[in-house]
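Two complexes follow with chain A in common, the first pairing it with chain B and the second with chain C.
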Partner chain A sequence: MNTYYLANLLIFAGVDIVACLALNLQFGVSGVVNFSFIVFQAAGAYAAAVLSMPPDTAPDYSFQIYVGGYQLPFPLPWVGGAVVGALLALPIGLVVLRRLRADYQAIALLVTSIIANTVINNARPLLNGAAGLAAVPQPLGSVVSDPNSYQYLYIGLTAICVAIVWFIAARIVNSPYGRTLRAMRENELAAGALGKNSTALKMSIFVVGGAIAGLSGAILVGFLQVWAPSTWLYPETIILFAAVIVGGRGNNVGAIVGALLVPVGFEEVTRLLQRMNIGPPNLIPALEWVCIGLLILGFLWFRPRGVVPEQRRVFPGAPAVEEETRWVVGKGAR
Partner chain B sequence: MPVSEPMLSARDIHRHFEGMHAVDGVSIEIMPGRITGLIGPNGAGKSTFMAVLAGTLPASSGTIIFQGEDITRLAAYQRARRGMVRTFQLPSEFAQLTVLENLLVAAPDNRGESLLGALLGRRYWMPDETRLVAEARSLLKRFGLLPKESDYAGALSGGQKRLVEIMRALMLRPRLLLLDEPMSGVHPSIVDEIAGYLEQLRDDGLTILMVEHELHIVDRLCDPVIVMAQGKVIGQGSMAALRRQPEVVEAYLVG
Partner chain C sequence: MSLLIAAFGFGLVSMSVIALAAVGFTMQFGITNMINLAYGEVMITSAFFAYYLNQARVSVWIAMLGGAAFGAVFSFLINRFVYTPFQRKGTALLGMVIVSLAVSLMIANGLLPIVGYFSVSYRERFSQLLRFGDIALTVNQIVIIVLAVVVMLAVHALLRYTRLGKAMRATAANPMLARNCGIPTQRVIDTVWLITGALCGLAGVVAALDSDTFTISSGAVFLITALAAAVLGGAGQPYGAMIGAVIIGLVTELSAAVWSPDYKQVVAFAILVLVMVLRPQGLLAKRGALAAAG
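Entry: the complex of A and B
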């Protein structure tokens, strides 16, 4: 296996892990069915792109038009991607998460995703429309010029982000705050009757998830160096949902396993199958969607809690539980 | 608060659904330290009225005063924070949380319950958590569910779920408990046990308003009792007195 392919795989895995951890916080832990998740990744990618690119009047960039162009040094574009993801969560969350019931929230978010894509696709002066942005500068590209070493650098940067996001997600999931989010997921009405402000709780996790999604987009765009509406159509969100469902809703480890199995593993397999030229040209990609659907249905039917289910929390000093898996608060799994 | 002051007074409460008057001008006063019963035939508007009191449903009109404060416009969670906590007619446990976690969630004062507190980490919130675990365990012990603390609440029996809901409400240290049919879905052998716990809570000074269908429970626990039919209050007083009122007997038998 050549190193370029391996580097690609590792970076995509990192991006998908970050995204799945964010979606797990929103959907798996809190029960917020964020069908517009990919919009936040896209917002982070666009933000990181225009923060790092020169103005569209610059000689090599005049073939495209976009807002911004601030040529900020790394890591500011990545931070900016996360900030924009969080900021975008505020208006969307305030409109969608306040008055609607959970199932309508999901529909409203799906529609939001489609609207956002259509707008960016057609409003060319904003972010170059359907053609998208190209020649996005590589983070620290001027510092490390050797392509081989640069790959390792990028893998390292991605790994640092994965570690930071893991740290945040673990603190949230294992805290009383995470417990309240899970309670809201289980029964929002009852949580309200116990003094929990579900709108505020949902908004908080919507913003946190939006920031992490934005970061994942920033990592992705710095590596791909291109970003266009066709890369963030709403079905991309469904793939991430499949990952969280397969991996195990509510469990951070499950989110990582899901990211490795579905967006990374599954898509790599279909890519390889496509190279083998089986059947008509669009057969394999079409079958991929059938399989994603079957995967979600199959898991919801036969293993609804996923490959790595949410752990039961057993507190120190509790009477013995007859279960093979245990979770001791303050100590982790044992 | 002097004993003569009502804990809660609801004045001329209306609640309409698309032209149907589920609650049609109800005024009641709940006196502290008592278990007030709310009875009436199916469709009398009892549960709707409870939901309006708790803020789960907004009132179409009327005023609700709780401990001297007008809470009519407050959301359910704000009323709960002021000490008025409800349970639901259908089991509403957090199924995929353990019994102990169900109780811990309800505690209002855990530093780790905010996003910032969570990010600051275990050392920041562990003292609160330890204190609340002890508090929750003493409740579990009192209600005989300590051996079940690590079970998923969804796996409990109907009666045990009721107890979890009541304990969960108690974790908020409420002044007024609104119980919506606490005995429904409970095995008859446990009904008396739950009734015993409610008596204990009353003797500890807790005020309770409960909707209940089982008249022998109402007889045992509730004084006074309020009777509703077709969205209106048609009588109140002790059970013995109510049994002598023909319109109450008729509404219950006909309804």
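Entry: the complex of A and C
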């Protein structure tokens, strides 16, 4: 196993973990079905790219057109990616999360994802259209020139981001705020009756998740050095949903397990299969998507709470209500 | 001015295509309470089914019927073997949205190795132009308009004047009450899936015929336009979907004439956003997309 492959694997794993933690905060903890998640990752990636690239009039960059080009030093593009992800969440959240029913929110977000891709694909002057951005400078690329040690540096940077995001996510899940989010997920009406403003709660987690998604995009683009509309089509969101569902909705460990099992493990396996040249060239990738769909259906059917189920949080002094008796009472048998 | 009148002519065609798609989608939601995000993929699969019939030297109009039949059977099977079991299991509405999205993904990618990425088109397209003042339409397009009008009238007649239509409306209003009144709701729902599936398949072939060339990725576009029309009219309301189709068909074609055809879907989306901000329940529905009180 060479270093390049190892670096690839670890960095993709880091990006997927960050993304899954963010999606878990929205979908798992708060019940916001964000089908446009990948748009926030893309926004962060584009932002980090144009913040770190020189203006498109520079000699080596004149083959593409884009807005911005500020050549900011390293941590700023990543911070910028997170900020743009958060800012993008504001208008989308204000339109979608305010009055709509939950299932409509999901559809509206899905449509948003498809349309955003169409717009960026067609509007070339904005972000170079369908061809996308290329030759994005590597963060700290000028400091460490040896490619081998640079890869270790990048793994380190990714690991630091994963640690920060994990810390934030853990704090959110275990705080009273996280408890309120879970209350909203379980029963929005009851949470509202207790004076919790569900729109504000959803907006806040939408913005937090958007920021983390933006950061994940920034990490990804710094490593890939290219970013185009074809890398963030809406099915990419579904892979992350599959990861969170498989790992276990509503808990951070589950999100990480899911990220390691589905986007990382699954795609590595299919990449290996592809290298063995079985069948026509697009057979394996297509079958991979079919399997992702089967995985979602299978887990929702057989193990809806995932590999690492969310623990039931029981508070001392709470009246003990067993699952079974609740069911019987619900049926009106007594 | 003549440009706008010509665009109006295309608008008539567009609204016919969208209406065919949106009415089926909205009936699935209204009567069986299922937001079927695989609708666009069933449309494109039916279009490809008709394409292969057409390649085997079947006339395109007969292939269209074949596509409709395929759509009916396919939708029925999806509902029978995926959606109904999950609904019986008590999967929440949001869970069903995820299930249907997973199904959509599986259909699109299951189809991909068979049909490939290439864009294809039906043979023997009737493209001689007929002129009515500034409006110039092909024979194809006129048949599409007539077909849409006939199907809309048929849907109207079905819902208003038949026992089955009455049972459908009762099931949509309150399934439990309908069952208690002796309506076999399960059979009604099966029939709804067959009928809406036929509409879906027909709409797929018509949309593919209208857009000249189509690829596997056209499914997502079909879905968005149907969704926009359905939500605009008030989801679950067949007449609302027809009105939504008229508005979206006209506005997108007019915008394509004065602005750029690349942004047709973006305009449809802008209308959708406006509706969601200003009138989330849609034009006709009483509650529709609005959240439950509280």
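The criterion applied here is as follows: the second predicted complex is superposed on the first by the 313 of 334 C-alpha atoms of A that agree within 3 Å, B and C clash if a C-alpha of one lies under 4 Å from a C-alpha of the other, contacts with A are read in each partner's own complex, and residues count from 1 in each chain.
We take it that a contact is a pair of C-beta atoms (placed from the backbone, for glycine too) under 8 Å apart; a residue touches a chain by one contact, two chains touch by 3 or more.
Since we're looking at a predicted model, the values are computed, not measured.
Student: Is A:T180 contacted by the first partner chain B, the second partner chain C, both or neither?
Tutor: first
Student: For A:G192, is the partner it touches chain B (first), chain C (second), both, or none of the two (neither)?
Tutor: both
Student: Based on the superposed arrangement, let me know which partner A:I292 touches: chain B (first), chain C (second), both, or neither?
Tutor: Only chain C is touched by A:I292; chain B is not.
Student: May I ask you to name which of chain B and chain C touches more residues of chain A?
Tutor: C
Student: For A:I155, select first, second, both or neither according to whether it touches chain B, chain C, the two together, or no partner.
Tutor: neither
Student: For A:W301, using the defined touch cut-off, is the partner it touches chain B, chain C, both, or neither? Pick first, second, both or neither.
Tutor: second
Student: Which partner chains sit in contact with A:V208 here, chain B, chain C, both or neither? Use first/second/both/neither.
Tutor: Once the two structures are laid over each other on A, A:V208 reaches chain B alone.
Student: Touch test for A:A218: chain B only (first), chain C only (second), both, or neither?
Tutor: A:A218 sits against neither chain B nor chain C.
Student: Shared contact residues on chain A for chain B and chain C?
Tutor: 189, 192-193
Student: So in the complex, which bits of chain C are touching chain A?
Tutor: 35, 37, 82, 85-86, 89, 91, 93-95, 97-99, 101-103, 105-106, 108-110, 112-113, 116-117, 220, 224, 227-228, 231, 235, 262-263, 265-266, 269, 272-273, 276-277, 280, 289-292, 294
Student: Would you tell me which residues of chain B are touching chain A in their complex?
Tutor: 54, 56, 75-78, 80-81, 85-88, 92-98, 100-102, 104-106, 108, 110, 112-115, 117-119, 121-122, 125-126, 128-129, 133, 146-147, 149-152, 165, 168-169, 172
Student: Can you list the residues on chain A that touch chain C in the complex?
Tutor: Per the stated touch rule, the residues are 31, 33, 35, 95-96, 99-104, 106-108, 110-112, 114-115, 118-119, 122, 188-189, 192-193, 234-235, 238, 241, 245, 279-280, 282-283, 285-290, 292-294, 296-297, 300-301, 304.
Student: In the complex, go through chain A and note every residue touching chain B.
Tutor: Those in contact with chain B are residues 168, 171-172, 174-180, 182-183, 186-187, 189-198, 204-205, 208, 250, 310, 312-315, 318-319, 321, 329-330.
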